[in-house]
Structure formats: structure tokens, C-alpha cells
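Every chain is named by a letter (A, B, C, D, E and F) in the order it is written, and numbering of its residues begins at 1.
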Amino acid sequence: MGQPLVSELLRDHLQELANRDERADGRTQWQGRDLSVEIGVLERAEGSAKVVMGDTIVYAGIKFQLQTPYPDRPDEGGLMTSAELRPLAGRHHEPGPPSPLSIEMGRVVDRGIRESGCINTKDLCIIPGEKVWQVIIDCFAISDDGNMFDAFALAAIAALQNSTLPGERFDVGEDRPLPVNKTPIMCSFQKVGGRFVYDANREEEVGGDERIHITLGEGDHVHSLQKGLKGVFSASEFAEIMDAAKVRCAELRKIVDSL
Amino acid sequence: MGQPLVSELLRDHLQELANRDERADGRTQWQGRDLSVEIGVLERAEGSAKVVMGDTIVYAGIKFQLQTPYPDRPDEGGLMTSAELRPLAGRHHEPGPPSPLSIEMGRVVDRGIRESGCINTKDLCIIPGEKVWQVIIDCFAISDDGNMFDAFALAAIAALQNSTLPGERFDVGEDRPLPVNKTPIMCSFQKVGGRFVYDANREEEVGGDERIHITLGEGDHVHSLQKGLKGVFSASEFAEIMDAAKVRCAELRKIVDSL
Amino acid sequence: MGQPLVSELLRDHLQELANRDERADGRTQWQGRDLSVEIGVLERAEGSAKVVMGDTIVYAGIKFQLQTPYPDRPDEGGLMTSAELRPLAGRHHEPGPPSPLSIEMGRVVDRGIRESGCINTKDLCIIPGEKVWQVIIDCFAISDDGNMFDAFALAAIAALQNSTLPGERFDVGEDRPLPVNKTPIMCSFQKVGGRFVYDANREEEVGGDERIHITLGEGDHVHSLQKGLKGVFSASEFAEIMDAAKVRCAELRKIVDSL
Amino acid sequence: MGGYGDIQMIDENGVRVDGRKAGDLRPIEIELGVVPVADGSASMRWGTNYVIAAVYGPMEAHPRKIQRQERAVLDVRYNMAPFSTTDRFRPGFNRRSREISKVTADALESVVQLELFPRSKIRVEIEVICAEAGTRCVGLTAASLALADAGIPMSDMVVSVASGKVNDVVVCDLNKEEDNYGEADLPMGILPNSGELVFLQMDGDLSPAEFQEAWDYNMAAAMNVHEIMKEAIAKKYGGES
Amino acid sequence: MGGYGDIQMIDENGVRVDGRKAGDLRPIEIELGVVPVADGSASMRWGTNYVIAAVYGPMEAHPRKIQRQERAVLDVRYNMAPFSTTDRFRPGFNRRSREISKVTADALESVVQLELFPRSKIRVEIEVICAEAGTRCVGLTAASLALADAGIPMSDMVVSVASGKVNDVVVCDLNKEEDNYGEADLPMGILPNSGELVFLQMDGDLSPAEFQEAWDYNMAAAMNVHEIMKEAIAKKYGGES
Amino acid sequence: MGGYGDIQMIDENGVRVDGRKAGDLRPIEIELGVVPVADGSASMRWGTNYVIAAVYGPMEAHPRKIQRQERAVLDVRYNMAPFSTTDRFRPGFNRRSREISKVTADALESVVQLELFPRSKIRVEIEVICAEAGTRCVGLTAASLALADAGIPMSDMVVSVASGKVNDVVVCDLNKEEDNYGEADLPMGILPNSGELVFLQMDGDLSPAEFQEAWDYNMAAAMNVHEIMKEAIAKKYGGES
């Protein structure tokens, strides 16, 4: 039962930092951690990416399967996103069935991809009514030092944009690149010490309050939003992080598009 | 570990009442609570009923699905009954997989319906060997103040008798009423303070012993029996509740048949 | 938390016995318990055996099912082994999903059978690409006084060698004996008091360390090995138990082949 | 109850498919102590049924939250072995087995003197090795034998048997075909010394008169089975049989 | 969002398939106390949606490991009844329900004064009896009514509503067709007294201007729904409506 | 072992499909500290295998019922990432992973000095990121490196390698085709300093002489792998390599 106490100390510490407009690791309010994105890193996947954001490390791997289309959408393939936070990735990750958090992560990443329309499911059709591709995005955590949402989302879109439909292995034509039309980018904000910051690390997550995930596309179109955790926020706070998201999403989109 | 003590006090209290031929809520031994039965209450179900017995409230909803018949019974449809006691319905109902009690309820209600032959499974045939209807009866608790068995069974038969085979939605012909040939009625008795009473409320269930469920059809034919919980009873006790059941089942059948 | 203490006392006792080259029940190091093997004991199985080794009692039952072959092996049937250690068989067996130990048992018994090639899966073909037999070996514990591995493996091969493919019941031709080409035999050894012994009883299992399972075929060919539990052993210790296994496997093979 | 009235299961002389008359029981054999590592055990062959029951305890009840201050808890499991049925019975969760475990526990709790063993647990394990019909009855009866073999005090034995109706005839102790194709099934758990009941189920269609006839068959059969049980106990433990 | 822009859901006069104008809410009816055995309860009919919420507690939090020294824990479940949808909704584990339960709990924890009930638990149960569209919004709103009915202190009520975009028109309070075939969905949970938010999701495609329009619809709708809620509470408990 | 003797996997010059001779190992690369948030970690590339192992602890063992008064408990998990195999590997319960976790734990418990950390827990997590053949061997070896990186005292390292038989030739360190279509597989877990074993499995068909040859290959290979491991440790922590 000592946990809440420790957490109070941490919260107080983060509050003091926020009062001085500082963060525990020296960053400014809207500054992200050092970032690297590599693609083509998984030999067995048809597309892959590794994202390192500070001490947060994740993979995304793309696999394809054949499936029968739904009768009411005979010329459309499918898309599935799964996020795994196995106990490898951190002291606080428990073994067992998928945690509510990892289910939420998978769904939030999935929505950003899906709702942006970056995958036209009609591009996944092989034989209408008979055979279509299912795209499976597996997000996999290696080291969780906070903000897995953005790391997963970034790895997912980078891996998608560099993946190959394995026609030959499945005997349905030649291999060809998966068409990806857009580059949806997620930016996540957490309330820490009473104000929102971008790209919270694990310490800020533990001592923080609600988080808000924003996925933007070209022209700052909004594709997905999600508020997580307990917390109240005002319309003006939201307007402020939306502005920060517009700036950062554009930067990240440039990185992904240049891979 | 105080629970058994409280329960002993309650048992003593109920014993004293029984000694005076009384019940906690003023009813006589074979008297039921105030009853109302409404049909057609669920917009998304093909048949439905709401039963209120005192503070006990339940719904039953009928849904139909197409299925392939079993090879050895090519012209017969199927029947499935499920009873859900979700935590909504009472402080003592725990979340999680179906409790042993709710499994028992589903099976006891199912048996009464099934064994009475009120549904002729051959009436559910669409194309022999290819397509038959499956009838699904979903019993759902809103408020559990005791004797869910009878409430579920009554809602189930009332909903069945007023349901429509959705031929048009499934593209297998016109909508038509589900043929229901009989009106099986369940009456449940619980031993409280050393004697059986009809329609026990929650307090009597907690402080009582074994319960006996009797489903009767026309001509007092017996279709289903079930003794639940720990307890010993004699042949003469059984004869007594069987007589009470005959009277009450006839009354309830009249109500259901008049809906 | 007293358990480790009791276990230490037992370990000390077994160590003293080992120092004097003795065992708790009077056997010598490589001596098995009294053994009986009966076949044809289960009316509903297509092949069956009961093995009694001291107070250890098990059944194996063989059942067959039709299945569609795998596309890449159109003329081969399947083989599945399951081992059940239900709470009937001992005070220490807990209810619930299969324990890690019972999963390991199933897999070790399965491997010995499978890897020996005693079943030629092509003998299970009925119509290439369409219908093949699946052989299911169900090992079932009645009384666990130790060394269930050997009891299950012995019952499994004895039941297999005396089973009948139920062609008539499944309408795919006449009944005929299942062809079994070899007689793989498992011998298990446990380190107790610092040395390995053959056919450990339950007391020796509780107070012992690692166990090693050896399955041999004709000509002392090795078909399967498995080391279980924590423990270190040397190459020379292994050579010693391999020699003991060769002797005992030959004896047991004679018993099985004579049934 | 399948209710397939058109299958002939009793001939013109009142002889059933297995050669019995309406009121006859199937052959019964009992063995005690069949699970040597258990505190008590029994097997019953009853027709082609073969059921083994074992008892462990009284033992410490853990986890502690299941403990009851004033009595023992009874933990009963009924299960079908995978090779007990013509089609393999797949292991794992099973609603039918759960329900039978529950009604069996309810019946046994009515006779076992649980209050003699506060805070402890008694485990009763029932395994159907070969199933014909009426396995729940055989399992309950075998369990009461295993409890006796374990020396657990009971107010009475429990004897369970199922009569029913086939081809409009009420018959005693349904066999497999009669259970599958008959029109009614009435299993009861009877205390042979008092004639009282601790277990009762029924499925199908019985007129009031037929119901009484099936009830009476069960009562009479229970007395006969009880004699066989007493012999088996006397054979192992001595005493008048 | 299906994004099926070719289905006509708004006619040339700006009238939606259910007859509403772009900014209109569906009809709403509230009843308190519909679960007599609960400590508080409420039902909402909202269009064809019918949702019941019940509250139990504050009660002892057990097992003890879930207890929090300094506040109550809030245990929220959202579930769809099997007959709530056109195709039967299969009971059992469901990722969507889990996620909605979580976001609903997060929203309610932001207003319920949990620190008044240390070491205790408050259970909130939401059952969708009939689903149209926006069940998560109706469930969250009904839950805050049930909490009020149970007398649990809250800093504000929560009113939740989802606006969105269909046929390139931004509309208030999406109905079923609009939810299935529209181009965007923006559900929000709003505190009517402060105008702050405790719940926010969004799916689809909205330009910055469209986003602002949908946001404003939700804010205005929340105020209207709040009036209906206050009336229902006043009707049961008196006070100015 | 598939036992498909008709597939040619060694040519007339004794060269294997990947160019190796019978006694050669695949290329191996080791990196320590690849999971920055863990107390110790290591990755191994071994042929096309890529495996990451991380260690957390010693930490408090909870729930308390898993605690051991006199030693630490070792909690080992082996898992295949969904993209580690040609066909996607579906997450969730898996008997093979459970069994490999268990034999890996048994092997590590034989060397980790658990008695130094009474009442605590040490977690060992093994994730197969890319699978070729012999992942259980690579996982066990990587785990012992991660334990070393975490500073957990061990009586010896564990080096694991699998030799076997293909086309009737005994070969060292089976690759994927050899593992799929070969006639025997003998994985062993070897303590390089004492030459003793802590892990042993075998499947297939080996004559006594072939068995000895495979055994000897494993022993020699373990010594070579151990040199690479010592270099990796020395590179991070200094000391003689």
C-alpha cells in the first residue's frame, strides 16, 4: 500500500518542475525525445520498422494473409492491428492475457491508420468475392520508457509504407508494394503537473493525469482522437495541444515520407 | 467470516415466522408476489417479454439464426436458452464468466420449454438438410429480488408465444409467427424455516434451504423437475408442493395465453 | 510455508538411504515396481490398456476420428496424445486447466511414439487429399504414486498395438487392426539422494531432483530424450542410465509384444 | 428425451432391448479401494457404465477464503473421461459436467456430517470411465460409497437411480437406447433408511399416474441397490451383510 | 466510419433520414430507480437506444488488494444485452466493451468525489438493452444519472453526445445509419456546468473547420440534454427543475 | 523431425544447404543491454535467429504465496513474436511455448544462485523476434547472458546448441531446412566450465554411434559459443576476453 505515497511524492516533484516550466529530463513542453526510425529490420515480416524514442524501443511488423471478403463488401480486404506489451518491455508489464491498456493501444493505433484512409481496402482485392488480402500490423514493445502510443503508431505507418504484398508466396500473382496513400501521424500529450506536455516519458506517465492522442493527416485533417485516463480538460487546453500536434505531426510526416 | 453468523440470525427469524405460518413480507405459504407480464418490449428482438414479480424484473428476448441441421435430423431446427445474471441485477452478482447458478437457470428453463414439446423442431425447417431456424431465448435479469427461475421461465414462454420468424430479413420467405403448441409453466418452491413456500423472495432464498422447480403442462403433465441446493425432503412434502404447483401453473397459464 | 522444511527432512532421509545404496521401498537402484499390463479394458475405446505399477494406475484409450489431411501431406493421417492428471489421481493434483506437468507428459509420451515411426501415417490414409484417420491417444491417471511418464507411455503403446480402425462405424470400409510397426519403450530415471534411480515412486519424486526420460526402439536406437526439473548431471551419469535403460526397455518390449 | 416414439424398444411380451422386464435393474458390481493413493474410493459397474469415485480429506481448506468456520466444505467434481463415449469426449470446460457436479454436491452435502470438520475441505472426485446411461446416478451412488470407504460420517447413504418412460411404458433404470429415445427420465437420489430424497430431476412427459409409477420404481430399486452396497462394504470391512 | 459517401442521408432540404435537421437531437426519456434492488439506477431512451445503469455502493472493496487507502475505487462495466442488436450479440469477452468500460470509468472518475469514501468500492453497471447508435454516450450519461440517484457526490454531471459528418454535412447526434455510413464521429463527455471535457474520441475525417462545427454541436446539445436530466431528477427528488 | 530422407540437404562434398561443413556453427552476434529499462538484457543473432532476453529483479515476489523462504523464484517466459515466423504466429496460449519456458526455467534454476535472494523473484523474459531453427537453444543461451548482464550470480553460464542428423549424416547446429526435414534433433544445455548438462531433449532416430557423434558436436560447439559470449561480456564490462 506504499504505492500511492511514492506516487504523491513524484506528483509533487513534477508539479514543482511544471511551475518552473521545466521537465524532469530537461525538455521543453512540446519537445520530443531523440528519435530514430529504421525500416526493413525484420527478416520474416513483409514490412517492418524499428522506432527508438529515448529509451522507448518498439518494432512493427506487417504480415499478410489471404481471406474471403465479407459478402457485403466483396472487393475489399481487411486490416487488423495488434499491440503487444509483453513483460519483456518493462518491470510493470504483467504476464497474462492482453491488458486493457494494450487493447486500447491497439485500437487507437488501428483507428488512426484506418480512419485516415491511407489503405484503400479495394487495393487489397485479388478476386472479388473470393480472395482478398488481410493486412496485419503487429506492434511489439521491446523497452517501455513511456509514450508507447506514438512509438507504435509511427512504427506502424513506417512499416506499412515499406511493405510488399507477397503474391508469389501465396501463389496469387507477383509481389508488389502495398499501396499506401497517406501518412497519418499520431501525437500524444499527457497532463503532468497541471499542464499538458508532448511525448511523456514513463516517469511523467506514472506521475501524470489524462492523456490525449491526436492523429492528423494532410491539411491538418483530424482522423482520430482519444482521451485516456481520469482527468478534466478545458476547450482552451485542447486548442493549445491541437496547435502543437499540427506542428509536430508535420515534422514526423516528413521523416516517415523520406524513409 | 461474519457471513455465516448473519445468515444464522436470518434463519432463526425465518424459522420463527414459519412457526407462526407467516412470511417476512406478509404473504401466505403458496402466495406469489404482484405480477405483471408485458410483451413486445424489445425493439431489436423478434419476440420479447418483461416480467415483474415484486422487485424482481427480467426480460426475455427471442432471436433467430439460420443453421445447418444435424445430419441425423435433417428436418429439425434448434433451440438454445441462455440466462444472464449480470452484476447489474444485484449486489451479490459478480462479474466474470457465467456463474454455476446462471448455468443451472439456463438449463432448467431450457428443459421446461424443450421437454414440453411446445416448440415442434420440425416447424423450424426451411430446406431439409440445408437450412433450419435456431431459436435463441435470452433471459436477462434487471433486478434480482429472488425467484429468478420462475421469472425467466415465464418471460421465456410469453416471449416465445409472441415472436415472429424473420424470413424476410434472412431472405428465406415471408415473416410468420413462430408456432408454439403448448404453454409450459414453471413454479418454484423453497424450503424456508423448515417448510416449503412458493415464490421465495431474495431474503427467503438467502435464509432458506433447498429449492424445487416444477414445470407442468396441460393436464398437469410433468415436463421438468429440478431440486437445487443442499437439503432433504420427504415424499409427502413433495406431494404437497406438487398440488400447489398444479393450482398456480393453471393460473399463470391463463395469464400467458391471454397476452 | 512449512512445505520446504518437510521436504528437507525427506531429502535428508533419501540421501541417507542412497548413501547405503538403498531405496525407501526396498528396491535396488535399477529395479522397477511390480507391473501388470492388461489390454482391451475400455468398452467405448477402439483400443485400450490398463497399467499398474505398484500403486500407480493408469489407462490409455485409443479413439479415431476422420479428418481432412494437410494440403502438403495429402496421404498422411494424424496422431495426437493427451495426458490427463485429474484430481482423482492424487491429493496433489489440482482442478483446473491442464497443468504444465501434464502438458509435458503428453508431449513426451507423444514424441516417443511419433519419433519412433511406429505409426506410419500413410497407413492412416483413406482417400488421399480427402479423408484420413486421426489417432488420438488419451492417457488417463487413476492413481498417481509416481512415474506417470512410464506408466502412460507403456499403456499408450500397448493400447495402440491392440486397436482397431473403426471403418464400419464411420462408413469408410471394414474394421481392421491399426498397423503398428515398432515398440518404442520409455524408461525414466530420477536423481534421488544424489544418484539416479529407475521408476521413482511419489516419495522419491517429491524428495528428488531432475528426471531423465529415455525412449528406445529396436537396436537401442534413441527416439526421444527429455530432462525435466532443476538439476545438473554429468556425461558419465548419463551414460550409466542409458545402459540401464537399454536393459529395461528390452524387458518391457517383450511384455508388450506378448500381449 | 428424444421422444422418438416410433422406435420399438419393448416387445409384445414386455421385454426390453437388453432383455429386462419393466421393473428390472441392470447388473451392478461394486469394488472399494480402487484408487490406492486416495483416502477412500469405490468403483461401480452398472450395466456398461464404469465409474470411479475417490475421496481426499478432510484436509486443510485453502485458499482460506473458501473456509467455513462451522463446517467442512465439500468440493465435488464429476467428469467424463475422453474415451468414455462412442465419439471422443473432448476434455475441458463443460456446462453439463458443471451442473452435474453441482447437483451431486448438493445431494451429498445433505448427508455428510460436515459440521464435524470445521474449516476443512473434503474433495470428492467422480470419473466416468465408460458411459452407458444414468452416469449422474452411478456417480452419486459411487461417491457415497467412496465417502463411506474414507470413513466420513454420513447420516445415510445416497442411492440414485433413474426410471422413465419408453414406448408409453414406464420402466425402471433406463439403459442407453431408452435414455436416448425414450419419452421421460426421472433420476432421483434416495436415502434408503428414511426413504427421503436429496436429489431430483426430471425431463420429458409424464402424466400424474405415470409419474407416480416411475417414482415407485425408483424407490424400490434404491432398496435393492442398497443391499448390494451393504454387501460390498461388509466384504471389505466385515459386519453383517 | 464506413465512409460510404454515395448513400444519400440528407435530402436537398437538409432533412436527415429520421426527419431531423442538422442540429437536432433525437427524443430523450429518462426514468430513475428502474432497478429497485440497486442503490441508484436510471434508464435512458435516446432515439431507439434503451440503456439501464445501476450503482451499488459505496461498499467494502474486496479483495483487499484492490483497495485504495485514500479513495474509493470505481468499478465500471458496459455491456450489450444479447438481444440489443439486430444480429444477436454473443455474450462473453469483448474488446469493444472492455474499452468502452475503461473510457467510461476514466470519465466518471474525473467527477465522482472518490476521496470521500476511502478503502471502499462503487460499482457502476451499464447495460444496453436496445442499441441504435451512440450507446457509449447514452451509457455514460445514464451512469451519471444513476450515480446521482444513488446520492454519490459528484463535482458535476457528465453529459455525453456524438456529432459527426454525413454526406459532407456536419450533423448533431448521429443515428444508426449516419453512424454506419457517415464520414466522421466525434463523441464527447461534457461537464454542463463548467463546459469542460472528461471524455473525447473521434474517428473519420474532419477538416479543422468541420471539427469546430461538430465540437460546437456537442457543446450545445449537452446543455439541452442536461435540462432533461435536471427535470428527471427534480421529478423524483423535488427541487427546481 | 520430419524424416523426409528424400530431400537432398548435403551434397557429395559434404556441404550443407547454407554452405557449412558438418561440424560448423552458424554465424553468431551478441549484444548486451538492448533493453534499456531492464536490469539486464542481451540479444543474439544466430544464423537468421534473432532473440532478445531481458531480466528484471531480484524484486519482491508477489503474490506472497509464490514466495519461497529460502530462495528466489525464477519466472521464465519464452515467447515467439507474431512476425517471427513466415506464417504469422498468433499471440496467446501455446503449449509449445509453455513447455519451452518450463525446460528453460529448469535449466537456469540449476545454475542461478537463487539461495542468495530469499523471498524474492527474478523474471527472465525471452522473445523470439526472428526464428530460424533452434530458438529454444538461442533463447536459453541469451537468457544466461541477460542474467550475467543483470549481475545475477551463477555457478556457470549455460550454452545451448542442437546437433542432429540429416540425410543419414550427423551435423552440428541444425538450420531451418535441416530442422524441418532432418531425421534427428538433439538440443543440449551445457555448462562450459564443467562440461555438465542442465538441459537435454531429443527427437528422431539415432543409433548409439550416431548419438555419440551428435553429443560430441554439441560439446565442442558449446565451447566455441562460450568464447563469443566471453568476448561480448568483456567488451561491455572489460576484463580478459
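Simple rule for what comes next: contacts are C-beta pairs under 8 Å (C-beta built on N, C-alpha and C of every residue); 3 or more make two chains touch, one makes a residue touch a chain.
Just so it is clear, the model here is predicted, and its values are computed rather than measured.
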Chains touching both chain B and chain F: none
Between chain A and chain D, the fewest steps along chains that touch one another: 3
Remotest chain, chain E as reference, centres from CA atoms: C
Most distant chain from chain A by Cα centroid: D
Centre distance in Å when chain B and chain E are each reduced to the mean of their C-alpha atoms: 32
Distance from the mean Cα position of chain E to that of chain A, given in whole angstrom: 26
Inter-chain centre distance, chain C versus chain E - centres from mean C-alpha coordinates, in Å: 58
Centre-to-centre distance between chain C and chain A (centres being mean Cα positions), rounded to whole Å: 49
Contacts with two or more other chains, residues of chain D listed in rising order: none
Two or more partner chains touched - positions in chain C: none
Touch-based graph of the chains, sorted into line, ring, star, complete or other: ring
Ring of chains, enumerated from chain B in the sense that reaches chain E first: B, E, A, F, C, D
Contacting residues of chain E [partner chain A, same complex]: 1, 3, 67-70, 95, 98-99, 102-103, 106, 109-111, 186, 191, 194-208, 211, 215
Of chain A, residues touching chain F in the complex: 42-45, 48, 55, 57, 59, 61-63, 65, 82, 84, 86-91, 95, 97-98, 136, 138, 140, 142-145, 169, 202
Contact footprint of chain F on chain C as seen in their complex: 1, 4, 100, 103-104, 107, 111, 115-117, 210, 212, 217, 219-235, 238
Sites on chain F touched by chain A in the complex: 34-38, 48, 50, 52, 54, 56, 59, 75, 77, 79, 81-86, 88, 91-92, 123, 125-127, 129-131
